[in-house]
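Shared between the two complexes below is subunit A, which pairs with subunit B and subunit C, respectively.
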Partner chain A sequence: MIKWLGSSKATPFWFLAPVIAFGIIFFILPLGFALFTSFTRWDSLQPPRWVGLDNYLYLLTSDRRFFPTLFNTLYFAAGTLAIGVPLSLGIAFAFTQSRFQSLWRSLYWLPMVTNVVAVAYIWIFVLAPTHGLLNRLLAMAGLPGPGWLTDPSIAMLSVILVFVWMQLGSNMLLFSAGLNNIDESYYEAARLDGAGTWQVFSTITIPLLRPTVMFVLITNLISGMSYFTLMLVLTEGGPLGRTTVTALYMYEMAFADLRLGRASAVAYILFALVFVLTLIQLRFFRQGGVDAH
Partner chain B sequence: MSGIVKSRTPGGRALTVLKYVLLTLGAIVMVLPFLDMFLGALRTPAERLASPPIYWPRDPQWINFVRVFTELPMLRWTFNSIVVTTTITALQLLTSAMAGYALAKFRFAGANKALQFVIGAQMFPFFILIIPTFFILRYFPLAGGNDITGTGGSGFLNTYTALILPFSVTWYGVFLMRQFMMSVPGELLDAARIDGAGEARIFFTIALPLVMPGFVTLGIFVFLYHWNEVLWTMTVTRTAPDLQTIPVGIYLLRGAFVEETTKSLQQAAVAVSVFPVMILFLALQRFYVRGLTAGGVKG
Partner chain C sequence: MNKLTTSKLRVAVSALALTAAATSSVFAQDTKTITIATHYNDEQIAPITACFEAYEAEHPGIDIVHQQASYGDFLQTILTSRVGGTSPDIYNIYSIWAPQLAAAGALEVPPQEVLDFVNANYADGSVGAATIDGQLWGIPTELSVYMLTYNKKLLAEAGYDAPPATWDELLEIAAAISKRNDQGNLTQAGYVYGTTVANATHPFYSQMYSEGVSPFNEDYSATNFTSPEAVAILEGQRALFEQGITGPEMTTDDFPSGTVGMYIAANWLKSTYQDAFGDEFEETVGIAPIPSSRDDWGTMLYSFLWAVDSTSDVKAESWELLQWLNTPQDGLSCTGQMLNGMGALSGNIADLGMMDVDDEFSQAYVEAIESGAAQTQPNVPQAAEIDRVLRSYIEQVWAGNFSAADALAEADAEIQAILDDAAM
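Our next item is the complex of A and B:
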């Protein structure tokens, strides 16, 4: 063994050693530990007690809060796609054909380099009822301003808008990279054939941009389903739990209520959902990769 | 993607106007909230309590940006942010470059499986690791007063290690560095071996300098991400004020800013947490663009 460690065959393993150790302690072990915990009742003070599938059964049959959080999760993920993707696509179209690109890019990227606590506290003031900036502007236009973060029926919409604001820059970059990847010769050929603006857009730009659009849609969907930090600091899940997404529900169940077994079960159910979406994504890109060329 | 792209479609003047209107409107929406925060930081308590509250500060309280450092633990938070972020960046760069080098430049049993593992591991969302990682640090054997069975003490909780260790490897970084290391010519490494250079020396003096552009891009990426990291840091420092970083400190101190008269100081603290990063980012923007496009679209 000692002889092997000094041989040239062992060299790559020396370079991989830190990553292998990390992978075992901070990846494989936690995944297994969480799976085990999800079959127990555990408050971290007493040793865990095996309860079989009880946590899963409780969540799926008796828990009144679990399915609403799943609904909130889907609402959030779908909302960020429905508002964020067309918006960033439109901005990307304008951006790729504009002058002063580095200026625009700098401005659109400001939220991306801002920590999420600052994002939350910037928007808490902008969205404040009556005297927040947004409602002041609405009042100038003679419109009534709602309680953006306090009205249960629109709080999630506000969270979605803040998230779209945060993410706009990175989606814009992905789309503009996709637009720049479209070969100039297609456009030249179309122009020589006398195609109009709309024709070029609908027959060249849109079809050739499809892989990028699908990539952004699916990665945003997956990350949106897993996301909860903004809700944690901006609304703390309220009002009336309307912005409590499943991952936030899990976090609070674990670190506020110390129901670690049940929280682990929540994590695994949500993970299963995200995993299925990921598999669909992989399948899609294997096909998409062939179709695109 | 640099420079001015000539109008590709023979669109009319109306389309050009529309384009700039859209870009300008969007830019206003991007910037206005930051301005609102900045103005808020300058308001006097009297302006806040006026009915209705005064929006444009008449007597700008620049002193608030000093008070952030004298009345809040901002210096302590900044120190923690620097310690944690630079350590994480250094560790991730080193582990990514080493592992990427092994995966790209060596043939060994299981090499393919290892690469698949690195790619697969990136797909696991962080939320599933939060609970178990917290308790692995808590019950780590022989750490922080724990015995060999991992009980008796508090493990790595309430230490810098708890903030750093779970982020000492990035699977994305390993994959990215592997891609960069692929371009290092194998003949160069073999020539050095024939000259009798040790493997560690070959790595540091030949392979690493050749992938410097990727190394720098990954470094900026990692630094920015962890400078702004909130979720994990908050989870492990909730009861350890001495270890809190800038954004986490500001968030966990929110109970001190309930009174309307204290909110200018809160907004000043938020501004202090944002502006230095923005300036740094604007200076390094070029590297950042390259990293995002390299990692993102090729998927």
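Our next item is the complex of A and C:
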């Protein structure tokens, strides 16, 4: 063994050792510990007690709040994808046709470098029902002022829109990079054949951009399914729990209720759900010919 | 060198040697560090920080370090530090966290001297808040009592010169105060609730006490949420929303802006009101008993307490320091000075007697404590979780999605499961 460690065959592993060690310490071990914890009852103060599948059974059969939070999570993730991805793609495409691309990209990137707590407070100022900026403007136009963050029927939509605003710059940059990789000759050929802007966009840009779209969709889905910071600061999960996503529920379960075993089980169920949805996305895009690119 | 000079030199060398020896003996002692974790910020805890310095000067070899964590993150900070083996030696904890911490063996049982000190010098309500199953776990500190807080000016503008004594009176006065804009949103609210557990569940508990019913039974094995009194209380709250008197667009945070008529709140907000209303504070903010259908009204109080971590290696020094911090010397104790600066109340009887509580605002709370009207928040297991579950059902009633009876029956079932689980 010692001889092998000194051989040239071991050299790549020596170079990879820091990364492997990092992965084991910060990824594999926590995953394994969380899996073990999910089969225990643990409050972090006393030693964990083995309870088998009890935590999973409770969540899937008895917990009155778990499935509503899953619905909220899917609603949030789907909403951010449905609104955020086409919007950022459209804006990125528009920028490729415009001057001052760098300036526009920088402006749209600004929310990404702003602390989420600051973002939340700004939007509370904008969306407050009585004295909020938006409702004041609507009042000047003689329009009703909804409770953007206090009406249970629209609170999640408001959170989705704020999140889309936050993420727009990031997605837009990815799409811009993808758009810049498309050879200009395709566009020239299409225009020579008389294609308009929409035809160029739908028949050349979108198909050639499919790998980037897939990447954006998958990363946005994963972040959307596990995101909760904005809800924690903006709405605290309310009103009536309509913005309590599963990750927020898990956070409260672990750190407010000290049910770390059950919270770990929530994490694994959420992980399984994200995994399945990601596989479906991959399969869908492969059928669409992503592999060819 | 003459004899005199030699003699002087010898004296000087001897003095230097003695000084060096004394200094080295002090440094030879192990410096013991006592770490104290609280949720108070630097400005609030300034009087105690000065006391720390005085204590360190009086006790060479003791080093005191203050760790501040926000109230919302405090329990998590304790847990994380315990998992990491870096627990503070002393905590200032909310009394409802104590059952879990004590059950897990995280808290040290106070020595007999401290138990005697607390029993001899603290009000019954505050001792009760720091006691679990007959065991006292620390030295009570901040005492908070819920009372009806009202804006005298808004009541007067609406034609009322006295606060409501019953919930029906409250509905009538609140309706006269509330105003809405053209969009239908409240611009002035007769009554408000807030977004936290303390702004919904605690007022509900306070109203239960005022109706003569404790939220839980004596051994905390079941709730009294399905009692007729509890159902009537929640029906009364729903009427506020149904009649458009209150709504989610205005909350307890709006009271300092002078646009809220009434709400149930604790005394620790005094300094916030003083900052907001300035010279107009006494003419604006009024305090009254929790509206009740009975003459013998009641309310809820909760407390914080100083406790020592069971894994601390300076337990004796920590208890000694705590007793010193909480003993009135030439005037208020160190803890008393801090609470007085915040406009909060102390469970320490001597401190309470010396605090600035002669004004109308504080006097109302002191009377509630001294008369026994204010009863201790039950130290049930999983209290924070239970409070949050109850709040979720109360909100459903406010929104008109459940009747009060149905919501409280559901809440009772879910909370009973938590209590049963905690008892396992």
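The rule is simple: the second predicted complex is superposed on the first by the 245 of 293 C-alpha atoms of A that agree within 3 Å, B and C clash if a C-alpha of one lies under 4 Å from a C-alpha of the other, contacts with A are read in each partner's own complex, and residues count from 1 in each chain.
Just so it is clear, a contact is a pair of C-beta atoms (placed from the backbone, for glycine too) under 8 Å apart; a residue touches a chain by one contact, two chains touch by 3 or more.
What you are looking at is a predicted structure, and each value in this text was computed from that prediction instead of being measured.
Visitor: Mind checking the superposed model to see whether subunit B and subunit C fit together on subunit A or clash?
Guide: Aligned through their shared chain, the two binders clash on subunit A.
Visitor: Answer with first, second, both or neither: which of subunit B and subunit C does A:S44 touch in the superposed model?
Guide: both
Visitor: Would you check which partner chain A:F22 touches, where first means subunit B only, second means subunit C only, and both and neither mean what they say?
Guide: Only subunit B; A:F22 stays clear of subunit C.
Visitor: Could you tell me if A:E252 is touching subunit B, subunit C, both of them or neither one (first, second, both, neither)?
Guide: The answer is second: A:E252 touches subunit C but not subunit B.
Visitor: In the superposed arrangement, does A:S202 touch subunit B (first), subunit C (second), both or neither?
Guide: neither
Visitor: Going by the contact rule set out at the top, does A:Q97 touch subunit B (first), subunit C (second), both, or neither?
Guide: After superposition on chain A, A:Q97 lies in contact with subunit B alone.
Visitor: Just subunit B (first), just subunit C (second), both, or neither: which does A:W123 touch?
Guide: So A:W123 only meets subunit B here.
Visitor: Subunit B or subunit C: which reaches more residues on subunit A?
Guide: B
Visitor: Could you tell me if A:S153 is touching subunit B, subunit C, both of them or neither one (first, second, both, neither)?
Guide: A:S153 sits against neither subunit B nor subunit C.
Visitor: Just which bits of subunit A does subunit B share with subunit C as contact spots?
Guide: 44, 130, 255
Visitor: Which of the residues in subunit A come into contact with subunit B in the complex?
Guide: Against subunit B, subunit A makes touches at 9, 11-16, 18-19, 22-23, 25-27, 29-31, 33-34, 37, 44, 90-91, 93-99, 101-102, 104-111, 113-118, 120-123, 125-126, 130-131, 133, 136, 165, 168-170, 173-174, 176-178, 180-181, 184, 187, 191, 196-197, 200-201, 212, 215, 219, 222-223, 226, 228-229, 232-233, 247, 250-251, 254-255, 260, 263-264, 267-268, 270-271, 274, 278, 285.
Visitor: Please output the residues of subunit A touching subunit C within their complex, sorted ascending.
Guide: Subunit A reaches subunit C through residues 43-46, 62, 64-65, 128-130, 135, 138-139, 142-145, 147, 150-152, 236, 238-241, 252, 255-258.
Visitor: Sort out for me which residues of subunit B touch subunit A in the complex.
Guide: My answer: residues 1-5, 7-12, 15, 18-20, 22-23, 26-27, 29-34, 36-37, 40, 52-53, 55, 94-95, 98-99, 101-103, 106, 108, 111, 114, 117, 121, 123-136, 138, 165-166, 168-169, 174, 199, 203, 224, 227-228, 230-231, 235, 238, 246-248, 250-251, 263, 266-267, 270, 273-274, 277-278, 281-282, 285, 289, 292-293, 296-297, 299.
Visitor: In their complex, what parts of subunit C are in touch with subunit A?
Guide: So the residues of subunit C in touch with subunit A come to 75-76, 79, 82-83, 100-101, 104-106, 181-187, 195-196, 247-250, 382, 384-385, 388, 392, 395-396, 399, 401, 414, 417.
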